[in-house]
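Since the structure comes first, as structure tokens, the remarks are kept for the end.
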Amino acid sequence: MQTLTVKTERHTQLVDVTAQIQSAVSASRVANGVCYLYVPHTTAAITINECADPYVARDVEGALDRLIPAVGPYQHGEGDSDSHIKAVLVGSSQIVFVEGGKLALGRWQGVFLCEFDGPRERKLHAKVMAD
Amino acid sequence: MQTLTVKTERHTQLVDVTAQIQSAVSASRVANGVCYLYVPHTTAAITINECADPYVARDVEGALDRLIPAVGPYQHGEGDSDSHIKAVLVGSSQIVFVEGGKLALGRWQGVFLCEFDGPRERKLHAKVMAD
Amino acid sequence: MQTLTVKTERHTQLVDVTAQIQSAVSASRVANGVCYLYVPHTTAAITINECADPYVARDVEGALDRLIPAVGPYQHGEGDSDSHIKAVLVGSSQIVFVEGGKLALGRWQGVFLCEFDGPRERKLHAKVMAD
């Protein structure tokens, strides 16, 4: 298991971590297999979506903020219930295939750590298993 | 594959199943690997989020109930379309790493079976693969 | 890694691909293991839910279309921001266990490719690893 560190800069932010994860895959020396990704936080998540136009990530951030209001009839006393709910909707784990030592992402796909209660320093665990 | 049984008590309920899953991991005798979790139901799901303060799970339940109305322009005749939609949003599978025989959860993380059409008795499949 | 091709016919459409994935599992000759599913697109996703009554999939489509408006305060210029957001909410990867050469789905479960910007021809990657 490798652990990456990701610095986030805004309260809600999708951070493109594709290059860092590719480095972890390269370090594993696995040619063909599965890369497992896991976020050990409860107000952050991981997703795979378009990285070509950064406005897509911004639109996802805005949509999630509109969908889950910051102020609601919440009982948790820390004021970040919306962050937890967004993390549940996006999810804390993903898999990507590895082919020829590279993440087998689609043409427009990148991997994003999703910050929902930043700015913070976050961790992202990655493990690569050979076929 | 091990199958856990989970009794739910409310219509929408996140049930902390971390201890049961840790028992399954321990029974597998795998020291380092990946634990795969799978819910074989269409109105239940699985998520990983904060288990320290139970109000977080309650806030997730409330937010999902407000997000997906019980009464909508639905065509499915059984009256539980909202339960199916919530299950799609949260998802039926998750992975967690295993390190030193323990689930490598983050400090505040627990695993929750998400009931969206309870109360019921649910099943949760777990499989642990060694590195 | 096997790649399946799926033709979609509507803008938002859940297409039942269970039979195609079972064929990929059978072709792998794996008796017991894990089937990994991955969608290499940024406006499509993959989910597991009820396939017995096709109205359930229609209700999921309608709910997602109502939840994420086609017209919003979006910055991405291609007019498909809602499709990307839906893909993030549903997710691009899933796992299903394989037991006795068969997908270990629940009684009412099927696997659906989720089209959010169709009609199109989509790809779906599958890999089966033995225990």
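We just call them A, B and C in the order they show up, numbering each chain from 1.
Assume a residue touches a chain if its C-beta (ideal position, glycine included) is under 8 Å from a C-beta of that chain, and two chains touch if they have at least 3 such contacts.
Keep in mind that what you see is a predicted model, and the values were worked out from it rather than measured.
Q: Counting shared numbers against all numbers at the contact of chain B and chain C, is it over half, same, or under half, different?
A: Since fewer than half of the residue numbers are used by both chains, the interface counts as different.
Q: Cα superposition of chain A onto chain C: how big is the rotation, rounded to the nearest 5°?
A: 120
Q: How many Å are there between the centre of chain B and the centre of chain C, using C-alpha atoms for each centre?
A: 20
Q: Going by the contact rule already set, what residues in chain B reach two or more other chains?
A: 67, 89, 91, 95, 129
Q: Taking the touch rule as given, give the residues of chain B at its contact with chain A in the complex, in rising order.
A: 32, 34, 47-50, 53, 55-56, 58-60, 62-64, 66-67, 89-91, 94-97, 99, 104-109, 129, 131
Q: If you look only at chain B, which of its residues touch chain C in the complex?
A: Residues 1, 36, 38-42, 67-68, 72-78, 81-82, 84-85, 87-89, 91-93, 95, 123, 125, 127, 129 of chain B touch chain C in their complex.
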